Structure formats: C-alpha cells, structure tokens
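The following blocks contain the structures, represented as structure tokens.
What follows is chain A paired twice: with chain B in the first complex and chain C in the second.
Now for the complex of A and B:
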C-alpha cells in the first residue's frame, strides 16, 4: 500500500503515465465539449421563460462547476502536501491554479452577460456572485504566493495552508443559493434528484461538463509535466527527456 | 435545429449578442490557455537544452563546471 502511494508520488512515474493519458484526455475532452456546445447552441429547444439567452448555461455551468471542483482537488492535494510531504501534490496545486482562475473568471463573466437580459443587471452583490469573486481572488492569491517564495519546501507549505484556509469558501458558494435569498437560481445538477430541466437540455449540458473535465485533466498533465521538468532538471531522466523532446 | 434560418440562429431573437459574446470569450480564453501552456513547455525544454549544450561545451574545453557560487548552489541539495 505504502509502496503504491510513494510510487504515485514519483515524478518520473507520473511523467510516463501523463504521456500515455494526454492524447486521450485532449481529444475525448474536445469531442465531448464540442458536441455538447453545438447541441446546446443549435439543437436544444428554446427556454419558455428566458428565451435563447439560457444557451449561455452550456458554458456557464461547466466553468463554474470545474472552478469549484478544481479548488476542492487543490485542497485535497494540499492535505497530502502537509501530511505526507509528497512533492507531486504541490506540483499539482501550482500547475492547476491558473487553470482554476481562468475557469472562475469565465463563470463570472458569462454569468454577468447572462444576468443582463435575465435579471436586468450585469452585477449585483449577492451571495453566490460575491463568493465566486472571492474564489477568483483565492486563485490569484495562490498564484502570487507560489511565485513569491523561491524555496521549494517553504513555498509548498505556505501555499498548502492558504489553499486549506480558502476551502471554507466552497460550502459558502454551494449553499449560498439556499441560505440566502438571491437572484441566482438553485443548482442545476443534483445527485439526489431528477434533473429539473428537460432531457434535450440536460444531456448537452452533461456532455459539456464532462468534456471540460477531461480537458482540465489534459491541462493538469501538461502543466504538471512542465513543472516537473523545471524541478527535476538535474536528474538524468529529465536530461534524456529534454534531449528527446527538443530534437 | 431549433432555428429556422442562419439569421435566426445568429440573432437568437435579440439575445444573440449576449450568447455569442459568452461563447467568443470562452473559446478565446481556453485557446489562450492551451497556447500559453504549450508555449511554456516548449520554452522550458529549449532553455534546458541550451544550458546542457553550454555545460557540455564547458566540459570539453577543460573547464570544470561550477557547482556553487557566492549566492547560488547549483547542485540539488536533496
């Protein structure tokens, strides 16, 4: 068991696995994402209340969903960093933070543009919107802190602590639509209930969420590999790899 | 198709600008993120190849490579 755990934490082993997964993640991710989006844009029926503006949901919900998932994954990795001192966990946190920031920005931006025709305003300081904005600042904080501390070990610990402190924001985002009276509608995906929207809208949405998840997997692999190449540049296997890749 | 013509698809009964702005920004940012991640990767590989070539040239000319200077230790301390 412990051997498996430590093997999983070996950068060299991860590098090989990522090589094998990356083409699958990229192409299946793009395929699902594009089929979900084209279906949603051109073939899903119009919403009886919101008209066509609801088609923004097919990028808004996947972005917002991933933005929060990525933060939860970072928090899990932060625990691994603090408890077991596995370097790969810290590599993950630093590699995916910018991806999480872009997704959070997209969720906020598409939400604002959707809000204009639906609520009549671009922005309102409501609980869901404000807590998402805090999530964006948390991602920025993680990126800034990671860049500010040069020493690898202190940086890993400091970033992990920041990520864990920020995780308190996640339940606030999730339950904000239930705890407070907000303009934002309740969650689109619920594990315990049947979908509240017709299947012709729900299936393309599910496809685009899955596609973006897979695409995120590709981003994580690629960016972690880059980070490993920098950190392990003195090792022989990285030198051989760099020679092979550059030629 | 949920639309009768291409114009109807683009206009989306007046919601077109909102919908298309969102999709445009989404693809622009995701595309930029893909490009940036690939670019970073290529730059790291190029820098390291150059460093290795330089180190090899230094070794050939009989100079020993410096493992530490006053404020920097080049060898891993792990």
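Now for the complex of A and C:
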C-alpha cells in the first residue's frame, strides 16, 4: 500500500505511466465523443417542443458535468496535497484548473446559445446559471492564487486550502442561489428533465459524456507531463529524455 | 510597538490558558485599533460613499431606492469589509508579531478566532451601527431598517471570518488586494443572498425567523471552520516568507 503511494508520488514514474495510458485515453475518448456527437447531432430524433435546437445538449451537458466533477477531483487532490504532501497531487490541481475553467465557460456559453431560442434570452439569473458562474469565479481564484505564489511548496499548500474552502462552499452556494431564485422569480423555465428523455437521445448523451471524461483524462495527463517537465527540468532523467527526443 | 506586543504575549513564567491567550490577543488588537483611529474610520467612510453613489448614479427615485436600498447597503458593507481585511494580519506580519503568535503553545486557530473577532468589533460593528442612518437616506421603512441591521449584525462577522482565510492566504504577496477580492467574493455570495433576501421577505411582510436562523447557521459554521483554514493558511504564508 505505502509503496504504491510512494510510487504514485514520483513524477518520473507517473510520466512513464502517462505515456502508456495516453494513446488509449485519447483514441477511446475521441471514438466515444464523436460517435456520441454524430449520433446525437445527426440521427437522434427531434424534440417535439424545441425542434433541433435541443441538440446543443450533447455539448452542453457533458461540459457542465465535467466542469463540476473536475472541481471535486481537484478537491480530492488538495486533500492529498495537505495530508501526504504528494507533489503529483499539486501538479494535478494546477494542470486541470484552467481546463475546468474552460469547461465551465463552455457550459455557460452553450447554455446561453441554447437559452436564446428556447427561453428567448441569452442570460437569466437562474439558479443553475448563477451557480455555474460562481464556479467559474472559483476556478479563476485558484488560478490567480497559483500564479501569485512563486515558491512551489507553499503555493501547493495555499492552493489546496483555497480549493478545499471552495468545495465546502459549493453546496452552500448552490442551495443559497436556488432558494434566492425561487424567492424572486417563480419557476417559469425548466430544463428538459433528464429521466423523461427517450433512449435514442439518452444513449448518445451518455456516450459523449464518457468520451469527454476520457479526453479530459488524456488532456490532464498531457498537461501534467508538461508541468512535470518544467518542474523537474534540472533532474537527470528529464535531461536525458529531452535529449533523446530532441535529436 | 514593543509595549503593545507585550500586552498580548507574556514572555515566560507560568503557562497561559488558551482562554487567557485569546483574551489577551483580542484586547491587544482592540487597543492597537483604537490607537490608529483613522484606519478604523476609512472603511466606514468608504461605506457611506459607496451608498451615496447609487442614488446619484442610478436613480434618486424613492420607489427605486426603497426596492434596492437593502441590497445597496449590503453590497457596500461587503465591499468595505473586503477593503479592511488587508489590515487583519498585515501589520502583525510586517513587524513579526504573527510569527510569535504561531509559536505560542496555544492552538493557533483560537488566536485567529480572537483576532478576527477583534477585527469585526472595529470594522463590522460600526457598519451595523451606521446602517440605520443610511437606511433612512435610501427611504427604507422602519421595519426593514430593523431587519437590515439584524442581518448585518449576523452577517458581517461571517464576512470577517471567511475574509480571514483570504487575508491569510494572500499575506505577503504582491498585489494582495485585488487577489484577495478575487478569492473571497465568490465565497461571500451566499451571505449576500440571504442578507438581502431576509430584508426583502420582511418588506413583503413574510416571517423572517427562518432566514435569520439560516444566517445564524452560517455564522456558527464560519466561526468554527474558518479559523482552522485561516490558521493553516497563516502557517503556509509564514513559511513562504
């Protein structure tokens, strides 16, 4: 058990493992995502109410899903950073924070594009929209703090504390926003409820969610490898590797 | 400064209980705050000025102000607490007192709790006391003003406690002010929502007990958890410098 832990903590070991995983993650992710998207965008039945405009769900839902779970993954990594001081966990947090921010933005953007034809407006101060916006702010805060502290060790721990404080707040923010919203504006609009979706729409959606997860795994590995190379640039194995690849 | 430091920290001799240490830190911070009255006054002046901007910038109509007044006061209070947070640990950090606090045998989170409470007494509490005057200026009715003051009384300590985490994290960094706001504002949103929501409910004649209870729950949560996070952040920031 402890040996595995120590191995997991070693950037060099991870680098090798990531090299082996990445092609699998990339190609299976692309395959699932594209089959989900093509099925969803071209072959899934039209919605009786929204027509074709609902098809943005196949991009919107996966990115929104992942945007939230990336933050939870970051929080788990933050615990590891604080408790076991494993460097790799911090590498993960810093590598995926911008990815999470982009996914959150993508979810908000596709939501706005979807909102225009269905709700008649780009933006409303709805509970879900607002809490996603706050999630975006939390990602920005993590990125800003990570950029502000030069020292690697204290930056790792400070960012971990911030991520954990944020994760405690996420449910509070979510419920406060939901309550605030129902106070001021009665539920006029609701997203299409998921269970009420026919199977031909649900399966491609599931495929694209899974595909995006796998692609995220690939991208996270790639970004972590880059971060490791920068951090360990003075070590021997990195120098050897770069020389071998550069020639 | 030397005398002030001693007022807070006994040098040697018999062990000091955690409660006594908290009291000493609390009184010391208050004493320093009252000796530097201008620092205490600035966030208050900022509060008044921000509130003034809204009738001038948006609309002086009574109907608008009545509706938006509580929100304006809450946002202004939130911003002035945010501005005052920089003072929470900065001076102690600069003159080394903070390192002495970290080295004390008493748990650091208790000392942070005492420091943050003192900070609230000279920043949050004056805001609460000033709120009725500004409430009259934005044409809130008596009942709304009373509820508003109550929400501010419960809400501003929450702002101070959450803010302490941000202040501790950004201690000793360049451009800490903007960074602090970036980190903390998202966490302030629930407090703001419930603060203004309570006043809105009161204005509609709805019972506000439930809201106030929830804000009380925020306060308990913030007062018990935030000092731990802030203490951890302080240790990190001190090891960084």
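Just so we're on the same page, the second predicted complex is superposed on the first by the 219 of 247 C-alpha atoms of A that agree within 3 Å, B and C clash if a C-alpha of one lies under 4 Å from a C-alpha of the other, contacts with A are read in each partner's own complex, and residues count from 1 in each chain.
One rule holds in what follows: a contact is a pair of C-beta atoms (placed from the backbone, for glycine too) under 8 Å apart; a residue touches a chain by one contact, two chains touch by 3 or more.
Owing to the predicted nature of the structure, the values given are computational and were not obtained by experimental measurement.
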Touched partner set for A:161, first chain B, second chain C, both or neither: second
Comparing the two partners chain B and chain C, which touches a greater set of residues in chain A: B
Touched partner set for A:176, first chain B, second chain C, both or neither: second
Partner chain(s) touched by A:43 [first = chain B, second = chain C, both, neither]: first
Partner chain in contact with A:107 - chain B first, chain C second, else both or neither: neither
First (chain B), second (chain C), both or neither touched by A:144: second
Contacts of A:233 with chain B and chain C, given as first, second, both or neither: first
Touching partner for A:91 - first (chain B), second (chain C), both, neither: neither
Chain B versus chain C as contact partner of A:53, first or second or both or neither: first
Touching both chain B and chain C, residues of chain A: none
Contact footprint of chain C on chain A as seen in their complex: 82, 134, 137-138, 140-141, 144-145, 148-149, 151, 153-154, 157-158, 161-162, 164-166, 168-169, 172-173, 176-177, 179-180, 183-184
Residues of chain A touching chain B in the complex: 37, 41-46, 51-53, 55-56, 59-60, 63, 98-99, 102, 105-106, 109-110, 113-114, 116-117, 215, 219, 222-223, 225-226, 229-230, 233-234, 238-239, 242-243, 245-246
Residue numbers on chain B that touch chain A, as the complex places them: 1-3, 9, 12-16, 18-19, 21-23, 25-26, 29-30, 33-34, 37-38, 40-41, 44-46, 48-49, 52, 75-76
Complex contact set, residues of chain C against chain A: 165, 169-170, 173-175, 179, 182-183, 185-187, 189-190, 193-194, 197, 200-201, 218, 225, 229, 232-233, 236-237, 239-240
